[in-house]
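Let me begin by presenting the structure, written as structure tokens, before commenting on it.
Just so it is clear, A, B, C and D label the chains in written order, and each chain counts residues from 1 on its own.
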Amino acid sequence: MNPTPYPLGKLPLDISTHGAGIDQLIVYIHIFMAILFVGWGIYFLYCLFAFRERAGHTPQLEEKHFSLPKYVEVGVVLVEVVLLVFFSSPVWGSYKNDFPDRNEALVIRVVSEQFAWNMHYPGKDGKFGKTSPQLMDGTNPVGLDRESENGRDDIVTINNLFVPINRPVIIDLTSKDVIHSFFLPVARVKQDAVPGMEIPIHFQVTQTGEYEIACAQLCGVGHYRMRGQFIVKTPEEYATWMTEQEVELANELGDAPPAETAPAAEATPAAAPAAESNSEEEGK
Amino acid sequence: MSLIPYIDHEHPVTGVTNAKFGIWLFLASEVMLFGALFSTYIILRTGATVWPHGYEVLNIPMGTLNTAILITSSVTIVLAWAALKMRQLPKFKLYMGLTCLLSLIFLVIKYFEYAAKFHHGYYPATNTYFAIYFVITGLHGLHIIGGIVVNAYLLGPGSKMYATEPERFTGRVECAGLYWHFVDLVWIFVFPILYLL
Amino acid sequence: MSSHDSPEEIKKAVKLYIGIFVALLFLTLVTVGVSYIHLSVGKAVALALFVASIKASLVALFFMHLKDERKIIYATIGLTGVLFVFLMSISMYL
Amino acid sequence: MSASHGHAASHDEQIKHTLEHWAHEPFWKKYIFSIDHKVIGLQYAICSMVFLLIGFGMMLLMRWQLAYPNQPLPLIGGILGESLFPGGVMSPDTYNQLGAMHGTIMIFLGVVPLSVGGFGNYLLPIQVGAHDMAFPKLNMASFWVFFIGGMIMMFSFLAPGGAAASGWTSYPPLSVTAQNAQSYWLVGMVFLITSSLLGSVNTIVTAIQLRVRGLSFMRWPVLVWAQVITAFLLLLAFPPLEAAGVLQLMDRLAGTSFFMPSGLVVSGEVLQVSGGGNPILWQHLFWFLAHPEVYVLILPAVGIVGEIIATNTRKPLYGYRTLVYSMLFLGFTSFIVWAHHMFMTGMGTTLSSFFQATTMIISIPSVIVLTTYLLTLWGASIRYTVPMLFALAFLPMFAIGGLTGLPLGLTASDIHLHDTYYVIGHFHYVVAPGTLFALMAGVYHWYPKVTGRMFNETLGKIHFWGSIVSINFIFMPMLLMGMMGVSRRLYDQTVYAHGAAGQSYNLVMSWGAWALAIFQIPFIWNLIVSLKKGKVVTEENPWGGTTLEWATPTPPPHTNFLHEVEVFRDPYQYSPNRNLLPQFVKE
């Protein structure tokens, strides 16, 4: 087997495309911190020893001026500026802003609740059906209206987030009750899920495996067990899984099983590219 | 008697008495208190889908009357202080009495306004507009009540101090006045944002 | 404030207070009157806050004697003013 | 001084008169509803130390659950009752209650009242040469309002549904929908805030108005500076939280929706509220207070450490002015960094850039403060008293805590570290081996002055070495566990694979915490027993300090000073021949 994705006392395995920048920043800033701490620490220990009170030792009372510390302080400022401008801001900027094309990417709605993660896939047509709070209940966690225009083929899973590798993923994150925080340790993704807001995030992963979704915001008694599975598959496996879901759903709703190839007849032009990219991957 | 200096005369460097400096610091914190509420007001309003115009749901004539009353009470209290400065205790009592009376009238009108709201089924829980309306006016009302207590004290038992330490007493009245003006000042903003806009 | 202690000064001040009082009442009527015209939201807000600020300044400057106060009071108010702006800036973030 | 007693000569008379009068006051007026700032200071100090102990006790229970998840708590588990500890095992809800209350108690009932209420009240008037606070009755009121607030917090455990369990941050909607004593928490906070406001007005007026002749601002001891800046932070940052507390109370009790958006569905039911509110608004109002609050936690500690370092290095503080300006800058800037706690709430890049930048900027004055202290050590003659050991330990510990703030302040690294144990490690390094050590240093340093007895040196050293070692075993693993991505506020982290991978750290931390508890026994023992058995201290200035508290008789009488005092020079001056040039000695 692979070595554990969670080595003791270290950053976990990183399977995302943007995570390297974050890890690099974390490593660099800790090196910087260590240098400051050890540098001052050596000076500190030296002082503690050399200037201890003892017979014949007198303190130096005249005002002294040191210029080295000034340079150190200026150095600290410079390093902070560099880290901020060249390491933190670019990574953060692309994390927040450089969204992939919604038509290319796999778009998933994630609706958090006490204490579960509900994943809402748009299904074959690439479009989400209508949802409403009134429809939410135990069997319909995201409040999906199956009768709404694009709702019939939507796939909903609980606590299992399936994504393929090497394809941008966009998650529209929201919550139906309290604030949660959607945390994928191995993908360096974290975003609060705030009720009343739908916040998009994006990432892309490169390595298959079964990982975890953690809740990072206190959300009640079950906060500690609000664990989800983050299942990363190859595109083929992912497509197979998706087809399984579709078949299952069709059986459940009593519809005809979905045809092997998309797009569905009623797909609007906007949805077509997404559907195409789906079928492309299926073809691989 | 006291070992604490600058109770009844100004500190030579800062130029203020302890009490006056203290009351200004207190008012500074009050600014931040109401500032947070005004911030909340803006956020709720910009985020709201429907926001009733004050004039649709509130009683503007009553609000205007209350504004006038509060402004008048601000004048009477400053006149009360001026009377003390001129060492005219009876005049002080007259103006301070007026101030208390006016503030009570303010509360009575406020009571009728609240009662009318409840009568129409408007409660804090109705929508965010009424939520912030009741909180701001309610908190302001509590400040009025606090002011009445202090002013009534200075009018009644507190005024005994005038006989022994007139300077110190005048200082106290000035501080009470500063507080009262501040309460008035808050209302000057509350009135347009809740009633008129 | 010792400079204003003399009875004449106080008498003068009293006249001023009455003047301010009239101005405040007048401005109140102005805002209320304008509110009946139903201006567009932007204009109404700007005007109402403008008038309110004038009224507040009058109260602060004259009734609260801020017109000639001590440095330390100005400093306190100045600091509070700046922090108040920070606090109000919250409303821009949401 | 006061107009009716024009002459300075009569001042001493007046002191005598006041002391005689005080001697005849009944016990309750002298020691319970007292207006003497020293008595009030001690009331604050004792209460807050008991609260610290209670808060620590709660954490000791929680540490059992963390180290040995779901195993019954030995011995005490059964006693604590089926509702909180079913089958002797702490329930998740109990864990959340204890966690929220640990944070609340430690900060608002422990550290702040001790450093501001205790040290501030006791020392600040003396250090400026005053006979009492400017408003003694207000001072008494602020203590009792604090006391009521504390009691409300404590009794909230008995309320139906238990104590508040939404974290010390009380984020809505969770805190609003919670069926527990969150409302008590809010009311308690309103009391505590009111108490702080009264106290800070008093502190500022006392420090500025009651300065004795010759004590210009730039001659204030650093502790006075620290307390005054702290008081301004409390004065101007607390009211927004008071307002927010009222709003949350309205949401809970009056059904308003200040923090409640529309369309909430809680356990399958659509919540019947009008909606239209904004949960993020609470976070802004909360952190607008709570970031300045963390500097409230550190600044008095910085002041105490400054006093002790100056006294025990036997030389002037390096760069006193720089230090003062840095603290002023720190205080001011602390008002514009609050949103660094909220990077993950969905904030845009413009705003987060601003708050990242301010957060980096605010680290600079902290670096300068530490640097001045470190440079003071150069060429010193360091006397290793117990308080000095704690004060010295403060420096590297605060450095670790402060430095670990930097990765949190940069948005990119905060993505991974936010709300993990890294944050817990960061701030515990600043508040526990930082502030708490500084406070312990202060307790030892002024113990002889306050009680007239010397503490036991050996017990003090055992306390020090035991604490410094064990406390690092608690908080260092937290930083590492945070790196692994383990979330905070987890009742049982082994539910997660990455949590289980780090579980061994929990054993280290818990045993570290229990060891730390054991090493507090000599401390408490020392404080109590030395009251009776300690060597009597009669001299005014046992440590050779230079500030005004060392001019008072030991222990200080009701009026603090028996004669009028005056200040002649900057603090922390030493002359080669006398080795000591106190502020109050004319030469």
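List of remarks:
Keep in mind that, in the parts below, a contact is a pair of C-beta atoms (placed from the backbone, for glycine too) under 8 Å apart; a residue touches a chain by one contact, two chains touch by 3 or more.
Quick caveat: nothing in here was measured; it's all calculated off a predicted structure.
Relative to the centroid of every protein C-alpha atom shown, the closest chain centre, again from C-alpha atoms, is found for D.
Relative to subunit C, the chain whose mean Cα position lies farthest away is A. Taking each chain's centre as the average of its CA atoms, subunit A and subunit B sit 51 Å apart. Averaged C-alpha coordinates give centres for subunit C and subunit D that are 38 Å from one another. Between the Cα centres of subunit B and subunit D there is a gap of 34 Å. For subunit B, residues that reach two or more other chains under the stated contact definition are 14, 16, 21, 25, 28, 32, 35-36, 39-40, 43, 47. Across the assembly, subunit D contributes residues 208, 236, 240, 278, 280-281, 285, 288 that each touch 2 or more other chains. Every pair of chains that touch is listed here: A-D, B-C, B-D, C-D. Those residues of subunit C lying in contact with subunit D across their complex are 72, 79-80, 83, 86-87, 90, 93-94.
Residues 91-93, 96, 165-167, 171-174, 177-178, 261-268, 270, 275, 278-280, 313-316, 318, 344-346, 348-349, 352-353, 356-357, 360, 363-364, 367-368, 370-371, 374-375, 377-384, 392, 395-396, 399-400, 403-404, 406-407, 410-413, 415-420, 477, 480-481, 483-485, 487-493, 495-498, 501-502, 504-505, 574-576 of subunit D are the ones that touch subunit A when the two sit in their complex. Considering their complex, residues 4-12, 21-23, 25-26, 29-30, 33, 36-37, 40-41, 43-44, 47-48, 51-53, 57-61, 63-64, 66, 69, 72-73, 76-77, 80-81, 83-84, 87-89, 91-93, 95-97, 113-114, 132-134, 136-138, 143, 176-179, 181, 183, 185, 188-192, 194-197, 199, 212, 214-225, 227 of subunit A touch subunit D.
The part of subunit D that touches subunit B in the complex is made up of residues 1-4, 14-15, 18, 130-132, 134-136, 197, 200-202, 204-205, 208-210, 235-240, 242-244, 246-247, 250, 254-258, 273-274, 276-278, 281, 285, 288, 559.
Looking at the complex, you find that subunit C touches subunit B at residues 2, 5, 7, 10-11, 13-14, 17-18, 20-21, 24-25, 28-29, 31-32, 35-36, 41, 44-45, 48-49, 51-52, 55-56, 59-60, 63-64, 70-73, 76-77, 79-80, 83-84, 87-88, 90-91, 94.
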